[in-house]
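Below are two complexes that have subunit A in common, paired first with subunit B and then with subunit C.
Showing the complex of A and B:
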């Protein structure tokens, strides 16, 4: 059998390298193109907390609004404390919008005090701008239905 | 006293009697003018009193109407405003839920859900009064 000459080996190696480069480039561009598109859309969650200080929180209602940025509400879940672990009430029409009113109550006895996360709102963000959220506490009630002072915010 | 009076001289008695007599002749015109002035003054006072009374009555009626309307409107709450705080919110649903939990069988879960959904509706901005 004839032994390959050095020239043929180098040529084959070059061809192989070229083909590899072409395939790699094709694969890379095929993968990267959608990655670039997806990078414009991302998801994040916004934790909303209510701080009722030393009093028990039995019911709350807040409004969350997107002040700037391009984002829309895509989902909602409950909070940390078992009293508000169930998904809270909201208007389904708020989904895919920039404003939502969220509320929940609990007639039980195990109620949270102090600062507690009451809801988590999932957002779909378009673009690179960081959205800014504003939360307005509309109601906060104690176990007897009385209005109690409280504050709210987002993390 | 009668004895003292009888002891006065007759001339003095006559002079005293004459000086104590009321003038007998007041001109008719003057009398009419005085009467007319008095009558006009009394009529003015009566008219003024009537006007004040009428104004006071109207004011009282207006006040009663305004306060009545305000009171009636304050009493006529939205049926969804359970706690009568002038707005629909989760506090209303919570009030019903507490009553239901306490054993009030007249409150249905459907009614509570209806109130809860009303409180989170997007057009219920700020829990504003309806």
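Showing the complex of A and C:
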């Protein structure tokens, strides 16, 4: 059997070292990327609007859900229009996981028409994922309690 | 030989390379796990997170809409909210607190406010406090009250502060609303598990956001924290609660406590309520602390209070026990009451008593139907049947237990002495009595109960007259003395506790009382201007008795007369309820309290279908079975928005009561209804964060709001300097 030359042995050792280094580098990158720093907590707000087009909006109920990311609802504020300036109510029983059901009504005069911000939801976000919010309008009513067509969204 | 040497060299080289690689591979893992560990520690220790922008500035950027386009120095892309189109990358640097940042002690006494100083009475020193005013607005309808409390915080100090205020509310208050007002913006607080709410608050606080947190220390003691109040700024906190009024002997009573009395915590207690002098935060060794103003000090904190009373029937008599009021009749059965401006120092319970027309109150039911009208919640006041009054009196073995501790010094003890003297005068020779006094220790008048002969009663009056006050409040010793002696089977043992209830170990006291109760009945008398109503009500409930309150302005005689009337007739016991015509579930309290003459009880439950039907109440009076029925109809029910809250609050109280009796863990059981109905509890808290108001720097200095000593209580006998 032919004995390996010194050059071949050293080359094999160097190649092995190189492969190991590459594997280590990849492993290192893989460890760092998914780590979530506990310090990565930030606060932000989500504005929810309702567009009732030409009709007066007297009441609404929407569900705001978080599709990805980790967030907690930490406050609930009213909207721009004075009819919905008071902080709306939420359903504590529905405050599980990543959603909140919010509702308000106003039977007074001077109700808003068209697109108006009805609520602002204050959030605590944890981690690096971008939160993606989805709003679902459950109810929209006019001054007499009649259902009116409307759309909703977030800013 | 040479090739062997070369092979060894190569093997050594590979081993060293492998070792280096191993260390290199594991090094980062190790440091990352350390990093995680430290991060959580940072969270707990409120280490500030210094937000620095890549342009090198770290100033507050609270104006307008916050943009949270975030990134790391490495350039890893951090996604943003869809509307934040032009966010700026930020660096997040964990920073250890400097000594200045981490201090949580109060601002030194000599620090003066920069503005907003109120007038100081002559010879009194003005103490700046961040709580400027408390406003209370209550509506009473029947026996249900809705109360809105607004606490107005204002920073008159030259630096940013966190205000901490320990305050009382009624022990049966169902608190279901919390709103923080920053400028003209109102933010509704969210109910969370207590630990989670605290973490959110701490994170917001350390990052400089305006935030507030309300936690429960006892059913009647709460802590309010408001973070990052900048100099000159105001922040209001609004709390709403519902509760039921008490009714006895023809009078409704509505009470609003204004100050937490100084609690005594027996040695070894750490979760009590510490009574400390101002600026001595952290010295009591207790989990909560209340700093008290010296008698010569006066803070600018005052209170306004208004009650809108809808009695429904003519109000025959009305009086405020401790405060001057202004009353204005609005209509028949409706009147408004305001606290007189001259009586605005929050140092005693506001107690409103009123009597309505009619010989006796009727059993009344209130209903809150669910949204679909199919069932809902109800409360029902069970009025004892008149016939109880005709049943003969049984001889009693009366034990008076008098609190002679330091907090009872002066007027409260004098009031106790009056009460015992009146009660002794009501006894006859067929009764026996004993007098126990407790403070740092406990003693009794005689080795065994004495016959209530004229001579013995005279001796007792002298004994009571000579009682001296001073020392701690070792109530357990008093309980032991009162209940640990042979019971005379031929007499009903009645134990009357006369105390302000200023202790911090309520659970221990109640548990001990339950363990030793046997056949005794406990009637508690809350003495003074701000008694611990949670303790006194709970003692009476566990002791199958009733609670009464003897303010410093009360006449002892009518209250003790009513008490004797109560114990002079058998109570309706072992009460069972049966409902016909409506399906009722989840009735609380689960064990309906005994019904005494002149003292109705309130129960609550859920129903399905309509609320019409009949309630059949069966019980035992003496040796006889008694029953009576009540008509529950839609005609005599009002829709009341607070009933479901009251139901959930009474469920939590029932669970707490069970935990005291059985020493079981009720955390999960309480959390469930508290979170479902949005209620404050020992395990839930309200938190509110204004993510648009970020102040410069971290949380600033923590200032505990000092409060006045309750009226009639001496500072020097209750607060450790």
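In this section, the second predicted complex is superposed on the first by the 110 of 155 C-alpha atoms of A that agree within 3 Å, B and C clash if a C-alpha of one lies under 4 Å from a C-alpha of the other, contacts with A are read in each partner's own complex, and residues count from 1 in each chain.
We take it that contacts are C-beta pairs under 8 Å (C-beta built on N, C-alpha and C of every residue); 3 or more make two chains touch, one makes a residue touch a chain.
Please read these numbers as outputs of a predicted model, since none were measured by experiment.
Set against each other, subunit B and subunit C touch different numbers of residues in subunit A, with C touching more. In the superposed pair of complexes, A:64 makes contact with neither subunit B nor subunit C.
Once the two complexes are laid over each other on the shared chain, residue contacts for A:104 go to subunit B alone; subunit C is not touched. Once the two complexes are laid over each other on the shared chain, residue contacts for A:41 go to subunit C alone; subunit B is not touched. Touch criterion met: A:93 reaches subunit B and subunit C at once.
After overlaying the two complexes on the shared chain, residue contacts for A:145 are found with subunit B alone; subunit C is out of touch. Once the two complexes are overlaid on the shared chain, A:125 sits against subunit C while remaining clear of subunit B. The contact surfaces that subunit B and subunit C form on subunit A in the two complexes overlap at residues 89-90, 93. The touching residues of subunit A, when paired with subunit C in their complex, are 3, 6, 9-10, 13, 16-17, 20-21, 24, 27-28, 31-32, 35, 37-47, 72-78, 85-90, 92-93, 95, 122-125, 128-133, 154-155.
Residues 3, 6-7, 10, 13-14, 17-18, 21, 24-25, 28-29, 32, 35-36, 39-40, 42-43, 49, 65-66, 68, 70, 76, 78-83, 92, 94, 179-180, 185-192, 196, 200, 203-204, 207, 209, 211, 675-678, 687-692, 694 of subunit C touch subunit A in their complex.
Chain contact summary for the complex, subunit B toward subunit A: residues 83, 89-91, 93-95, 97-98, 101, 116-117, 119-122, 124-127. Across the complex, subunit A meets subunit B through its residues 58-61, 63, 89-91, 93-94, 97, 99-105, 107, 136, 138-139, 141, 144-145, 147.
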